[in-house]
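You will see two complexes here that share chain A, one where it goes with chain B and one where it goes with chain C.
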Partner chain A sequence: MNKISERQIYFFLACIAPVAKLIVMPARLAGYCGNDLWLPALFQFAVQSLAVFCALLLAKRGKSLYDLLADRTGTIFAKIVVLLVGAFLLFAGILPLLEQKLFVQGVFYDTLPSILSFAPFFLFLAYLCSKPLASYGRVFDLLAPIALVGLAGVLLFSVGNADYGAILPVGASGARGLLKGTAYSFAWFYDSALLLMMLGKFDYKKGMAWKGAVCYLAGGAAVVFFLVVFYGIFGGTAVNQFFAFTKTSKYFSGFTVLGRVDYLFIFLLSLASSFYTALPVSGAIESIVQAFGQKKYLPTLLSVFLAAGYFLLTYLLDFRFGDVMRAIAEQAFYLFPAFALLLPPLLLFLLIGGKHETA
Partner chain B sequence: MKISGNLQKDVAAFKKLLPAEDILSFDFVSQKGLAFTVLFADPITDKELLGEQVIRPLLRYEGTPKAEDVGKKITSPEKRTESDLNKLSEEVLAGNPVLFFEGMDEAIIVGTKKVFVRAIAEPSTDVAVKGPREGFIEDIKINTSLVRRRLKTPELRMDFLNVGRRSDTFVAVCYLEGTTPQKTVDEVKQKLKEIDIDIVPDSSYLTHFLASRPYSLLKQIGTTEKPDIFCAKIAEGRVGILVDGSPIALTAPYLLVEDFQSSEDYFVPPYRATFTRVLRLLALLVAIYLPAFYIAAQLFKLQLFPIKLLMTISGSIRDIPFSPSLEMLLVLFVLEVLNEASIRMPKYVGMALSVVGALVLGETAVSAGFVSTPAIIIIAFSGIGLYAVPNLIEQTSVLRLIMLLVAGSVGTYGIILATAFLLFYLVTAENLGAPVLAPFSPMVGRDLRDSLVKYNLGSLETRPRTLKSKNKRRLKHE
Partner chain C sequence: MKLHKFLKTVPMKLYLILLAVILFSFFSNDFGLVDIQKTAIILAAGVDKTEEGFSLTSQIAVPKGSDRAQGGTSSVNITTQGETVSDCVTALFGKTGWVPKLVFCDLIVLGEEAAKEDVISYLNYFLRNEYMPDNCLLAVCEGKAEKLITSTSAIDDASSLAIEKLFSDAAEKSGKVMTNTLKDFAIDYYDVGKSSYLPYVKMSPQKGAIPGGDSVGSGSAGGSGGSGGSESEEQIYTAEETALFAEGKMVGKLPAEQTLALSLLEGNVLAGTFNAKEKGKPVTLTVVRNSGGVSLDMKGAPTAKLTVDVTCRLCCRGTTAPIEDISSDAVSPEILEDAKNVLKGYIEGLWNTCKEAKCDVLELKRKLYRSSLKKYEEWEEFLLTSVRPDISADVKSMK
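Moving on to the complex of A and B:
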């Protein structure tokens, strides 16, 4: 359990990372660029896969982000960068957390429940984040088939109900719409930054960088296909369909006899997304541990403290999800490409030509 | 304390060590006038054998008072000499008589222990339609012979230890040298040696000390009552532990998937074995989750029911005075009580209990409007599902209750979170270096061939990689 395996990294990139993009992002993209919603997503997956490629290349030396930087630039600069990445992850983690909360309240209950119905998640968050980041590796092994079956099931019930002509003509939203969609969807793409915090937790294997990028693109292809189906079903009303993956399958005719069996697949996707929601927080804790050294109760204390902080934040922002999302995705969107797109190649460039020490 | 050679003094010293009233002595003199005293524990010594193999030949003894010569006259195949009184007293307590005689500073221990054993029978917890029907019994010697009969190889090692300050229970650590990783063997032996407990009445006592997480809700050490399964597990590279007085053998490291496999799976076609394994998993999931989802759907998400079923359910629960959670808990409580009572009750009362359970508590409670029919059907189905994987009953019944409580308070999302907790707990659990959830997490491709899916025997060429066996290949094709 000390190391994440090569396969587990691929599973994360291909099956688990895409799930988080299926909750609120489709409706937002439909709002920004209508029938072209799949184009910004395609672009995001393409550029993010390049960042994933760079982040995986950094794993060649078998060192953590902090150690890599400390070797080249000294400990102070390394601490600053690692803590900045941690702070970014804490910031980035707010959106999926609020999404998750809204999703739970909207999908799992017939009437709007109290905020306390979501409170157990923070216990789970505290428990999960108190464990080393490397223990996620085995979770990825288990969640990959779960997410795959979940997505396949939802798509199976949805594909027959879509009008694929709805996505034509391509480019109807114009350059402005596409640009807006691309810029404002950055908030859902920071998987390469998560990989940066996993450095040192897995060993680089030959060809891992391009294989990882391909896996990410494969997961992206599934998301893009889902977006097409989503718009094909809802058309102009897609903008109002939050929690996309719970909505597309509900028109399947067999449900009158079977009941909403698609909920079984939705539950599987929810299970996968609850682990993904905790990942940025675990990444942030890892950054603090790397910067200040492994102390016995530090991860546990931090996880409890951060889970409590997030709970408070969620409680305070209970009915202000729209404002928070606009603030993160529309006003502070530039933070995401800075950390998730520029940082991995920049680090690669900085560390190329450094001392080639082996782990 | 050593033997002095003075018979009277030695016997007196021995009786001082073992003053219990069931420790008897028998004095006799040979034809040549040599005085002997046999000391033995009355209830556990075979006196007929003692008379036949020891006393009768020695009555005619005419040789010198030397242990070597006296030993030759004793016809028992199990005999040896010892001069330490403490060790001799341990032997007497184990059922082996001790022979003292005048002028010798050594005593002879004779193996005429009386063995009380029940016949080897098919274990009631692991019944097989096809395949061997033998089961372990309470005697460790017979159990080791059952193992030895199946593994006729010098590589089979049985290291014996004594555990328990007062019970001094015999424990055999069985493994295949060159196949089982030595690290695992050493770790098991070390853990057994470190046990400081009064008595070990059953092997289950040892599981607590062998487990990495002793207070865990989930199982961490494998158990079996069948020698064929025990040997198969040893042959895969595990360590087997037999405990005197217990018919339940332990195996370690334990993988969760073991409990979904039955010995019969290896004697039927692979497609059938795969089908039954998947069926067991589904039954287990139904047992744990069905009552919980039923409650969560009723309380928080009615959409989960098809419309016609929803109408049927709403018709049946309309006049029930309890909340859905309380109703389900009540039915579950009755089921658990009936279950517990039927196991402990004498068999002839069992039939009456079934009638009371099914008719009085079931039918009458429904017609009286205390509980609804769907609740009884769901709990009954869950109860049956529980027994599809008999080795996990203790764990699944607790998990079912937890899920039920969570569903009643937080709904479906609570069930999902509890499942996430459980999954994370399981994936991080390890025992003796083996991950409990392997070969699924971490995924071990080759080991999946004998997991929930069962490949043809010809495809199972290697031992499970999870167990890190030194000798990897178990099957060679021509």
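Moving on to the complex of A and C:
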């Protein structure tokens, strides 16, 4: 089977993972900590890059998460952990899915469309998730320049309209605001957990762990810069600006002559984020495949079943995005650091012990 | 079999590109096509206060048919009432069957009475509306907004289009008008200073127009279901005055010269003009370069430094002049000295008006907040009343 290459992993970390943080997260962060919105994001990227570092180190043995655990702890425990990670990814995937739905309905339609307008997305989801996780490698290759050009274009049209003084004074939201911003933004940071499910799908190359962490930090720097620009443009009203990356560029003065050419870049970013939305579901399917073994039609059946389940969920939660977001990002926020921050170093610790034992 | 073989040779990239194209088309919403038979494309909205709540006058673009010779924009004005602005918009749908579409709304005019209340109490409808462009222009008008919106413009088919011309980039650079948008007004409102400004629009009858006559190119129709009809007399509009807002309420008005002073302080002016005197005779100067700023010095007693730097050329004398004088752009030292005093006077007037209105349109609180949170907390209450101005104007001649 084809494997994800080293380059493709870097592309994912530097270009694709950051895009999903540009839809609802900026407005939520502005709500939690106002002009300090960039500080929790900076913290999240810093700690998440450490988790990415650990997750990439786990790839040194070239084994999947299940195999790594089974070697060390036995198959039952391995199954439990892998399935828990899969369940977590399914849970984590709800927020980006609803974000994507609201984003499509809010930005590409000028009156509220029916939920059926978004329904074809689930066909795309079912198709993409029926493919092996390793096939994302080619997707990363294609999406990385798309996401890069999209973000660069949006930033190009936005930077001139920002009042950068708006982020001053630093720390105005106080310790409470910063803590709230940090805790409630965990829901957008689970890229290391996605990497855990990709273990065994790529070969570890020398220096890959730190290079991957640096790539993730580079993507994070772009997001943090975007947050500064975002707050510079909207100031105190930033909390009201959902779908952030579609909003910042529209004030470019040249558009009176050119028309909204920034939509081309917005389309590129939305394309990249559509694929990112499917990643947690693919990760969850991979976890089941790892736990119960590769069966011929299992991934296809699971992808259809999960896409249908997500469609039903989207239908049931159609007008309850606020509640869902509060439930996931504010009430169950601790699940995210547990799986995305603590699990990779814990596994590394466990497996370092294992290495000594086998040696 | 052959087909299967062919499909195997098609690279994955092509599938993905095809998928991207399909997704692009899917997300494009038919590239924004609008069924104009079912939609009320609102060009401008006017909000007035009524006893029950609000009245909203919507200027709606209507198709002109196939008569290409006529051209221009045809519009109809409809006034609706309700307890909230949202009620008014819903009533518009109820009265016409058109789905109100605010995505092309480029102007919101507030009636003078409505502006004396906290305007966010009704502007919040537009801020909440995801389909409303928040960079639409915002203005206050003398009297009722309904009267302004339903008036017949002497210069354009629709009154809103004529008013928007007053807010063009060129007009703003002339220093004669201070424009503002919904977004920027809201940012100022929710900022520490809670102060902002809006252009103040007045209308006056165009001399020579025939009252009730059929004016060429006028496409405004009377309001259906609303109070008051259209003004049949052709009107021209001005927005040289600027309304000051504090905590969302209109608290004062800057006359034309103070509007120019505010523009100069923001460094906006290019090709704007103002008058000075030479030997008691009027001289018009054109600003060719302008920089300005307001800074706050908190060492000792708080001082606001208001600085305007202007380079100008002679534009016109109010007296006869020899050809040698006409061929020169240079400004004499006497005029420069007077121009400096004129600008200082304008800025001083601006300062006094703002102070009287307790309006922080010069953003002193914002400056203090950004530079020192501690000092801001100390001075928050008293800053506007205790700060002293230090005004300097430098006028240079173009060489």
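Assume the second predicted complex is superposed on the first by the 353 of 359 C-alpha atoms of A that agree within 3 Å, B and C clash if a C-alpha of one lies under 4 Å from a C-alpha of the other, contacts with A are read in each partner's own complex, and residues count from 1 in each chain.
Quick note on the criterion: a contact is a pair of C-beta atoms (placed from the backbone, for glycine too) under 8 Å apart; a residue touches a chain by one contact, two chains touch by 3 or more.
Everything numeric here is computed off the predicted structure, so don't read it as measured data.
Placing chain B and chain C on a common chain A by superposition gives a clash between them. After overlaying the two complexes on the shared chain, residue contacts for A:Arg320 are found with neither chain B nor chain C. Applying the stated contact rule after C-alpha superposition, one finds that A:Thr237 touches chain C and leaves chain B untouched.
When both complexes are overlaid on chain A, the residue A:Val104 reaches chain B and chain C alike. Judged by the touch definition given at the top, the superposed model places A:Pro169 against chain C, while chain B stays out of reach.
In the superposed model, A:Gly259 makes contact with chain B only, not with chain C. In the superposed pair of complexes, A:Leu271 makes contact with chain B and with chain C alike.
Once the two complexes are laid over each other on the shared chain, residue contacts for A:Lys295 go to neither chain B nor chain C.
By the touch criterion stated above, A:Lys3 is placed in contact with neither chain B nor chain C. Contacts of A:Gly137 after superposition on the shared chain: chain B is touched, whereas chain C is not.
Comparing which residues of chain A touch chain B with which touch chain C, the overlap comprises 104, 108-110, 113, 120, 124, 138-139, 142, 267, 270-271, 274.
Contact residues of chain C toward chain A in the complex are 12-13, 16, 19-20, 23-24, 26-29, 32, 34, 99, 101, 103, 127-128, 130-131, 133, 135, 169, 183, 186-187, 190-191, 369-373. In the complex of the two chains, the chain A residues touching chain B come out as 1, 5, 7-8, 104, 108-110, 113, 117-118, 120-121, 124, 127-128, 131, 135, 137-139, 141-142, 255-260, 263, 267, 270-271, 274-275. Contact residues on chain B toward chain A in their complex (touch as defined above): 300-309, 410-414, 416-417, 419-421, 423-424, 427-428, 430, 435, 437, 440-443. For chain A in complex with chain C, the touching residues are 104, 106, 108-111, 113, 120, 124, 138-139, 142, 165, 168-169, 171-172, 234-237, 240, 242, 250-251, 253, 267, 270-271, 274.
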